[in-house]
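Note that the chains are named A, B and C in the order they appear, and that numbering of residues resets to 1 at the start of each chain.
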Amino acid sequence: MRNRIIIPLIITLLAVPAGFAYVHWSKGGTGTGLYSRYWSPDPVQGYWDPANFYQSPDSVQGIFAGEQCVQCHEGITPGIVNDWRASRHAQSEETVYCNDCHGNDHQQLRLPTPDVCGNCHAKQHDEFRDEARYGFPSHVLAMERAVDAKHFVDKPKAEVQSCVQCHSVATKCDSCHSRHRFDAAEARRPEACITCHSGPPHPDDETYFASAHGKLYLAEGNNWDWSKPLTKGNYKAPTCAYCHMDNGRHQVAEKSLWKFGLREINPHTSKNQVLRKKWIKLCSDCHEEEKARQWLTELDQERKQAWQKLYMAEAILKDLRSDRLLQPAAGERPPYPMDWLDSLWPRERIGFFEGQASVFYNVSAIERDYFEMWYFDNLGAYKSAAHGNPAGVEAGHRKMVASLDRIETQANELRKLSQAEKKAEIRIKPSGDLWMKGAYTDYNREHN
Amino acid sequence: MRNRIIIPLIITLLAVPAGFAYVHWSKGGTGTGLYSRYWSPDPVQGYWDPANFYQSPDSVQGIFAGEQCVQCHEGITPGIVNDWRASRHAQSEETVYCNDCHGNDHQQLRLPTPDVCGNCHAKQHDEFRDEARYGFPSHVLAMERAVDAKHFVDKPKAEVQSCVQCHSVATKCDSCHSRHRFDAAEARRPEACITCHSGPPHPDDETYFASAHGKLYLAEGNNWDWSKPLTKGNYKAPTCAYCHMDNGRHQVAEKSLWKFGLREINPHTSKNQVLRKKWIKLCSDCHEEEKARQWLTELDQERKQAWQKLYMAEAILKDLRSDRLLQPAAGERPPYPMDWLDSLWPRERIGFFEGQASVFYNVSAIERDYFEMWYFDNLGAYKSAAHGNPAGVEAGHRKMVASLDRIETQANELRKLSQAEKKAEIRIKPSGDLWMKGAYTDYNREHN
Amino acid sequence: MRNRIIIPLIITLLAVPAGFAYVHWSKGGTGTGLYSRYWSPDPVQGYWDPANFYQSPDSVQGIFAGEQCVQCHEGITPGIVNDWRASRHAQSEETVYCNDCHGNDHQQLRLPTPDVCGNCHAKQHDEFRDEARYGFPSHVLAMERAVDAKHFVDKPKAEVQSCVQCHSVATKCDSCHSRHRFDAAEARRPEACITCHSGPPHPDDETYFASAHGKLYLAEGNNWDWSKPLTKGNYKAPTCAYCHMDNGRHQVAEKSLWKFGLREINPHTSKNQVLRKKWIKLCSDCHEEEKARQWLTELDQERKQAWQKLYMAEAILKDLRSDRLLQPAAGERPPYPMDWLDSLWPRERIGFFEGQASVFYNVSAIERDYFEMWYFDNLGAYKSAAHGNPAGVEAGHRKMVASLDRIETQANELRKLSQAEKKAEIRIKPSGDLWMKGAYTDYNREHN
């Protein structure tokens, strides 16, 4: 009887610290993330994740005061000095000099992390960190979740760098407030967001600019007074930050109702009811409350229709898998990265519900169509609906239907071909070795 | 002999009112359009078609004078009050107040229809209505023709809403003159058009901005004096409205020479000769007359080449149909929406010349390719040619040729597979039931 | 012994002038380029290549002085007169009048060629011509190399016009300095470039605007002082011209390090080491030198990864060709344009390494996929990496991988189908005649 309690207790007491120790160990390589022992990033990562990888230049030696930095850099890089001079850092009574953020030993320079900025801008920094409560997607967890991803181990580093370039929003503040002006006015404008929030799978840029809100901004925004805070009545049309960071709060996660459209969610849970009220209150800054409510309902409907299509495609693929008609089969593909079980017992994983992004490399055309239907067409439709871009909703759903048509046609042909082979007693396996030696395989794992 | 005249006369006398009565009856359901008995739109439609579906909020009770509206809304929705204050409505001698357009009983508020605006702006309203003479496509018929479309019956309502959001240009004036500033200057800028005139199949936005005209606007437009009328010499480069609404006439249909590129037209009919003269006169505001003429000729050539490619694709599909190689066949698809004859005797319809947009749902991959070649690649090429975007012409024709290559390859494989099946005496019909229960079927008809 | 020297010498002495004579003869047709005897362009070409094809209007007769031109055109085309009045041409002490560039005989008017502009702007003209040293791609050779292309012979003229519209950057100066303002300030802005440098395969426009540099321009560029020269410290962010024409030098070829991404190049040849230093120096106007170096290295890596994927696809296609599984085969396609050897002995050419763009018409779907993977996805990834648009790098590589998946799937199916045919002893050749009579064949050759 006592054993029944003590043995599990001992196991737990051993397992919990062992788990912590394993994570600590695995993050302790020269690389980054949970798989830091398997890959280390290219040097350019020093700019995306300065706390961990930045190497100070060793060309100049000496300890410098702020005025000295400015004096010298006025000749070397006058543009950044101009920007600083125009900033509140330079113009406020207590001047914030270069060395206050970068340090004053030129061979030990640092690129400022959010913590450095947070020394003065505590409120904004606290709000930014508060996003972590909401999990991912969020800004504050963007880098951590990225580099903890298994598939970065198999992905060529040059491509990984394009991913973390945006995910660096977590590790430095100049993604939105560009250096060295660090202007709040800049970050209130939609352009502050678009370098990262554009293109599939998150066409926030395109869908906003193509909305009724966006067109007003495009036509008149240059004449607006961007020094005003993001509150009711100050702007003729909302920008990204007006809705997602209302009143300038540096926390974008708390209105994340449909969670990016990545999975089907119930928009009416008690938690989501709270989020809905926040949205309706915000929209009511300009619009009739009832209109805001109807708009949310329309979004619910859009999501429901999108998932109906996605589930149809999923069913077709599952049937093909049951009948062993997908090629390459699980065993013909490299094991799922860093998955020990998968190396021993390869499993077929289809799409978003069974796998992750990485499972969509080294797959057949029909699986690829399904992935793109989910990750690009579906999310494009969602963003369009949310941002008020009708042509984007049409395009997203039209593309999903086109994918459905193509997926079903391919499925039919695979079945026919299989029957012809059986009848003719052909027993071939012409699946190439592309997938085993392909673009995203353990080849990279060994060379990263 | 008398019967020869009298009987047809009686039949006609009966049939004409019967037709009117049937249309009247069929439009009399709770929904909208000719099929109003089969589907009713979501509540958000109240904003796109206020005359028919807007529900006034019942939260506030009372009869209010204009000053009272302003006083109260200054606190509730200050942005729209700011816009109104900046408008001619507020600044002219005879102030136009909220209640002049919305009514003064808060529980009976209305959203202004074009007729309401037309009470004062008669010239513009008359010009706008005059478009009806030119048929569709046109602004004034946009909503009516949309909701009279059969395929809306089978289409999920959430998607239909994305269609009518733009087609509401027919049912309210704030698509172009955004509320509550209602600025002529705004509507002179290209942004006024882009929320609807963007994306496939009508990339007017993209093709204009990528033209020599558009680049001048993008670089300098913010410094132009937009209070000037759209006449010769007032603007360094034309905008959408300069060419399509010259001198500010609210009638865009009368220069519609190639009719959107949807069908091959003869550009030299006597009617089109008149349109050509109008274009040449307009282009001559800035350019040599001969250049304008050559430009139109080049457009004729572009269209001719596009249709040559489309007809090649059509021929391939017709051959496949003759040989019964298209799957799903007509009988394997849900009947063409609201088509009684089609329910009894399903017909195979291929593309633009035999069907309409709706026939492109629930079809095989090769038919889908053909549809997209016609509706997106072809129209993209056309818009690019018309707006002076050379890369778009190249892209459109290149995509059409790629589609041709893919269509022919698929046709070859369908033929080969069919022969292999015959030889092996396989008699299977593996066409799935996706198309019968698919995304755009009578399932929606029952649930709309 | 003497013969050994004399005979080759005589042959050479005959062959060299014969070659010159042939090229001279072949360029002497009514058309344009090396194949001028096979096709002549549409009249609109007069605007793209005025030196060769412009026809002066014959409507107005007379010899006019500059003031007379202005007086008359003030009424006819006031916009261009406004532009001229705002230009340095009108405002400098020695006024440059219309007739100085266009001539004064109205029936013999000319459109100014670069040589005309070069009469005054010798420095810029010389720099522009200096590009020729670097070969193609370059601005100065753009028209010549285009019209010397074989495939223009088989291409419908309406499409060729869309090509030469941009390639006319070689034959007139108003591609960048739009008439009649001819403003240096205009050409410093990125919009000056985008009409041509946009869209696949050279999304310079899209990738710049989506970069950190571009977003600063979009947000603030309208307030910058564009009268300043493109030198260190004058602009908060670089534009196209700042980097590619630094200090205003009219020569964009000398920093062309990766040569557009069209072929795999060794980025560390001694010549490229020189170019790298130029880039690093330029980036150091604002950035740490080491960062610039790392950025170039990252670009090297991106290119290497792209080529790894392209070579995989190439290998798959070569295997299919060896096994005679590509349809249409070489002999089923029209001969490679103007290639006598190819007419006699048709060769299968796959992709960029064995053919040119023109070989990608009239090909099977799998070859088309390969072409698009190379020409659009690959080049899109390259431009994105070079311009600092991370989403574009991701998109380019993702599309390349999707193409690889689809190419391998198609290859597998072609192999299976072929085996089923063999087993069933089917000997058919269902390859259609699309490719022989297709969109880009000798049909056009005969009708151009």
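Definition applied: contacts are C-beta pairs under 8 Å (C-beta built on N, C-alpha and C of every residue); 3 or more make two chains touch, one makes a residue touch a chain.
Just so it is clear, the structure is predicted and the values come from calculations on it, not from any experiment.
> Return the chains common to the contact lists of chain A and chain C.
B
> How would you label the chain A and chain B contact, same or different, if same means the shared numbers make up over half of all numbers there?
Comparing the two copies, chain A and chain B contact each other through largely different residue numbers, since under half are shared.
> Rounded to the nearest 5 degrees, what is the angle of the rotation relating the C-alpha atoms of chain B to those of chain C?
Superposing the C-alpha atoms of chain B on chain C needs a rotation of 120 degrees.
> With centres defined as the mean C-alpha position, give me the chain A-chain B separation in Å.
Distance between chain centres, rounded to whole Å: 35 Å.
> Can you list every residue of chain C that touches 2 or more other chains, as numbers and ranges?
222, 413, 417, 420, 424
> State the interface residues of chain C toward chain B in the complex, per the touch definition above.
Listed in rising order, the residues of chain C that touch chain B are 42-44, 46-47, 55, 57, 59, 76-83, 156-159, 161-163, 165-166, 178, 181, 186, 189, 191-192, 194-196, 198-200, 205, 222, 327, 361-368, 372, 413, 417, 420-421, 424-426, 428, 430-432, 434-435, 438-440.
> Contact residues on chain B for chain C in the complex?
The contact residues of chain B facing chain C are 210-212, 214-216, 218-220, 222-223, 232-233, 235-236, 284-291, 294-295, 297-298, 301-302, 304-305, 308-309, 312, 316, 384-385, 389-395, 397, 400-402, 404-406, 408-413, 415-417, 419-420, 423-424.
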